[in-house]
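The first chain written gets the first letter, and so on, giving A, B, C and D; residue counts start at 1 in each chain.
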Amino acid sequence: MIVVMKAGATKEQVQHVVELVREYGLKEHLIHGTDRTVVACIGDKRGVDKGAIENAPMVEKVVPILAPYKMASLEVKKDKTEIAIGPDGFCIGGKKIGVIAGPCSVENRDSLLKTAEAVKKAGCVGIRGGAYKPRTSPYSFQGMGEEGLKILAEARDATGLAVVTEVIGVEQIDAVEEYADVLQIGARNMQHYPLLEALGRTRKPVMLKRGLSARLDEFLLAAEYIINGGNSQVILCERGIRTFEEYVRNTLCLSAVAELNDKTHLPVVIDPSHGTGHAHLVPAMSQAAVAAGADALLIECHLDPEHAASDGAQSITPDVLAALVKRLQRIAQAIDRDL
Amino acid sequence: MIVVMKAGATKEQVQHVVELVREYGLKEHLIHGTDRTVVACIGDKRGVDKGAIENAPMVEKVVPILAPYKMASLEVKKDKTEIAIGPDGFCIGGKKIGVIAGPCSVENRDSLLKTAEAVKKAGCVGIRGGAYKPRTSPYSFQGMGEEGLKILAEARDATGLAVVTEVIGVEQIDAVEEYADVLQIGARNMQHYPLLEALGRTRKPVMLKRGLSARLDEFLLAAEYIINGGNSQVILCERGIRTFEEYVRNTLCLSAVAELNDKTHLPVVIDPSHGTGHAHLVPAMSQAAVAAGADALLIECHLDPEHAASDGAQSITPDVLAALVKRLQRIAQAIDRDL
Amino acid sequence: MIVVMKAGATKEQVQHVVELVREYGLKEHLIHGTDRTVVACIGDKRGVDKGAIENAPMVEKVVPILAPYKMASLEVKKDKTEIAIGPDGFCIGGKKIGVIAGPCSVENRDSLLKTAEAVKKAGCVGIRGGAYKPRTSPYSFQGMGEEGLKILAEARDATGLAVVTEVIGVEQIDAVEEYADVLQIGARNMQHYPLLEALGRTRKPVMLKRGLSARLDEFLLAAEYIINGGNSQVILCERGIRTFEEYVRNTLCLSAVAELNDKTHLPVVIDPSHGTGHAHLVPAMSQAAVAAGADALLIECHLDPEHAASDGAQSITPDVLAALVKRLQRIAQAIDRDL
Amino acid sequence: MIVVMKAGATKEQVQHVVELVREYGLKEHLIHGTDRTVVACIGDKRGVDKGAIENAPMVEKVVPILAPYKMASLEVKKDKTEIAIGPDGFCIGGKKIGVIAGPCSVENRDSLLKTAEAVKKAGCVGIRGGAYKPRTSPYSFQGMGEEGLKILAEARDATGLAVVTEVIGVEQIDAVEEYADVLQIGARNMQHYPLLEALGRTRKPVMLKRGLSARLDEFLLAAEYIINGGNSQVILCERGIRTFEEYVRNTLCLSAVAELNDKTHLPVVIDPSHGTGHAHLVPAMSQAAVAAGADALLIECHLDPEHAASDGAQSITPDVLAALVKRLQRIAQAIDRDL
């Protein structure tokens, strides 16, 4: 941590900061520059509230040096984490790239089973589908609940696909853990700490979606909550952020893939469906995600998007999916991976 | 809802959209423009997923006409909602503007009681303080829990101030409802629907903070969840959004006050502490908020910000608070209100 | 400048950075922390490209310590700059707050003269109006050019109001300087350096608008270009930034007023018209701006907004303006200023 | 254009809007919905200021239907524009993807010629390098001016590479046109209309960079200025937008490639260097850009990034470039293109 004093800070004011820093268990190191005095603070104290020091007289700013997360960091664990999912044990984070596809919501048994079959045939490794739906409006379809979970499990039994589905509250963890292979946390719950803590106590892989306005550090700190709670099987999912752009639902910057690979050992999945919001943009962004180094894709696919109960605009059909997976395979090979 | 067809859409493609619209229970109205055909859809169907229609062939975009919320709307209830809080029944949403102040977290009994006394003396109507803390890092101070709630209740008994404190999960609602006067929902939980639904079943006023990247419509839809659940005592709290700005913790655009007053009957509170992140910006933004028409302010105040367990950078001292409240009073009178 | 090495950087790699730093004319100061080595660099070298150092092996990041601007800084000049404008020499930056109002574009002689009269009567100190218009679309009204400038000068002669009008290219500087009292640079030209440099050579006050996506540092650096060029009469104008918000044209965070007052001696003007984009939000934000400490307001006012050639949505009528100025006066007095 | 009236608008208020719409040369079409009356306006009037109508009594909002640009639109010209650049006439917009690389600034003759040689050997089709530099700070290196242009031309003569270099003001157009093959307009000048108009009168291809906070419509309208001025050889260059992200210099959302291909016939180039700001992110994003469908890449490459006069952090070395181009070739082939 570096404390930058304002120009004109007196000796006493610098000394005051030095004492404050010591109280927090850190060792100070003074640097007298041309215009500014800087108090470098030595010691690994991630819990110190830098803001408290910022409020001391004549402090201009406090700059943290260490990343705030530990266990999610590549510095702590050098080899990439591989996470096996589903009955076939597909490894997310390995050389092979996986595609997980399916509808936004489980709408009924028949269509889900048909979708699962098409998804399997297209070459995917997992089926997605929401049984509990966090919806912006109380007047929108809220999901089938446990009934939906059972249908998903049936689809897994029929196809061997891993089931990925969302948990929206602490209350549903038990049910979802019973039926699903991967417990997804939605973007809006990325910082719902009671849920993160509870998921730390489960034994199933967790797919954590980045919040719409979360910085990468905050994303990794949310993962840290789960790992710190005892569950190290965390898959990160980037699905875009909210910006001034209007032509997309979210702004999906694939630099995140390379940056996360540089900072953490956790595998990184891209969701081009929420990341664009429009079916016609999904193929290009899926291709780009694979070329950028993503470990897996999470794609919304619906038999009849015009009648989807939710997210129809961003759902592609099984035909588009099948053609896309073929192209993704070729791109994966072009960067010496496979799919 | 207006469906805009792409240029060159055939009669059949337009007819297909017409049929789709009818399936959704809406009545269509065709407009043939110079370059585009537009299908205007008549009927009050807030639950329709406009995205599904967007995926139909040759549809360019779907533009909603109606606001997605109802009960929070000024169209449904013309007179402003006034919400009485605390033992003295101060009315948020009335002519008088109220200031609620206190530390970010309840840290111990002694300092909280002293702060409450100072806050009361400064002319405030409520005390804030977190007992359960949602923290970005698992290594930060997580709050005193129920012990903190008891201290807050004791402070109320000693001063008559209303107690405003955060609920971070469904599990704590009962405890918080027992001790607090206003149940606050933090920005990160604005779209945690299980919590919103559960708060719909409480009988205490709820202060709902706007999420860091929530649009105003989404903010009002979150309020709608609570009202729809049975609790119409919702106080909206604007605390800034996340943007590219670096000199503030959040970007606090006070246009929201005027816009919300134009769209909803719910009272609007401004939190200049989270809205700026820096103590030196809090007075100016508090003054601006009152001048813009806010019904109340929520301000972080700490006896010794340099040693605050959280949010030290944005906490002002009781002295600064007392001087500020005096200035706010004069501004309130200048716009024919009071404080 | 602080260079943070990655964990695991070798002695040689640190030494390499030390040598690089010396090449750039800086003195190094090594700090060996628990996990990281930090190279603090001493010396006032604003011209060094920190990026070059960031590209050295095992450098994690480079953190600048000094603000990049000098002459615009409060550290260099402690007393606030007051800038006299127009025939009456109203001082922007003094105790009195000034309101400058007028149409977006000068549309014709008659309406401009009538508007000027109404603006004067309402208690304003300046008239605004574009003669050269930077328009997003080539198909929109592009302004009256020099003819418009002459009308503005006539309005000044008739009323004593200072004339504020935009320069959109180096070519028009002479003409605008001849007729106007304040040369305005629009948000889209904030970083058009040939224009900034040319304005450094004029002798008229310059009103520099903040770019839609400019950080405060960049805003002050743009001012620095003009001051560095020889013209120290720079008035800063905040008019909002672009964010994900949809209900406003721009997001106007008034924290900028307090922050700029803390960083620079230059006066600060707020433009609530572009800062909101909607006439119904202008009064509240004007009030808030005065309460936040703005030195002046720049407001779009049109006799008949429904027929305005540009910016009709955000123009208020003379009646609304007159009532608003009265309220602003009371608010100014409430914070011990005047208007 | 669709005018949405507020709930409760009277017949007279609707009639007033109808008359206003007619005055603007449009034909109205009334739709009486459940809660709202909507006035659909028919006619192709891109020049109408929708804001003026928004200011009429009881108008809630005005929704444009037509895109504001024409000549840049795919509706007007169905086949993709191919633009030949440089002595070898490489076609930007054709099946082959081109890479243009080189330093941020031309720093001296020797290094530029060496870089050009390396760039050519790596398989690129163009050399980039700034002779006139728009710099955020007046204290930064401002470029070599015409001397730099001559060096670039010499590099072209030696290698056959096309020269791409920036014009920062109307004054330099003649000089740049004399020496360069493609005239680049920087992001900060995207809306400097005098420059756009002047470039409409040149006969050389123009590479127009998207502004940091420009929406796609505004980007295409800037292109429209140039085309409308008489020069239809416009190459669009996406280089990222400004958002809250901190780990990148800009947020580069490659959805723009697919969306622009859906809206315009102009070729699309990606600049992964400005789009990320960090050399370690450039390869992944270059790969992603090719996979997403970009027609060309603009990459900063420097012999010795640690000593670059500008943009050192985001410059890759010739070795990294050569390896990258090989990978890009394979990816291009995987999507049935070439490089």
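To be clear about the criterion, a contact is a pair of C-beta atoms (placed from the backbone, for glycine too) under 8 Å apart; a residue touches a chain by one contact, two chains touch by 3 or more.
Keep in mind that this is a model prediction, so the values were computed, not measured.
Averaging Cα atoms per chain gives one point for each, and the point farthest from that of chain D is the centre of B. The interface holding more C-beta pairs in contact, when A-B is weighed against B-D, is A-B. Distance between chain centres (mean CA atoms), chain B to chain D: 38 Å.
Chain B and chain C have centres, each the mean of its CA atoms, that are 31 Å apart.
With centres defined as mean CA coordinates, chain B is found 26 Å away from chain A. Among all residues of chain B, those that touch two or more other chains are 213, 241-244. Chain A meets chain C in the complex at residues 2, 4, 7-8, 29, 31-36, 38, 40, 42-44, 63, 65-66, 75, 242-244. On the chain A side of its complex with chain D, the touching residues are 213, 215-216, 240-241, 243-248, 251-255, 257-259, 262, 275-276, 280-281, 283-285, 287-293, 327, 330-331, 333-335. Residue ranges of chain D in contact with chain C, taken from their complex: 20, 23, 46-47, 49-56, 68-69, 134-141, 168-171, 188-189, 191-194, 211-213, 218, 221, 224-225, 228-229, 241-242, 277-279, 305-315.
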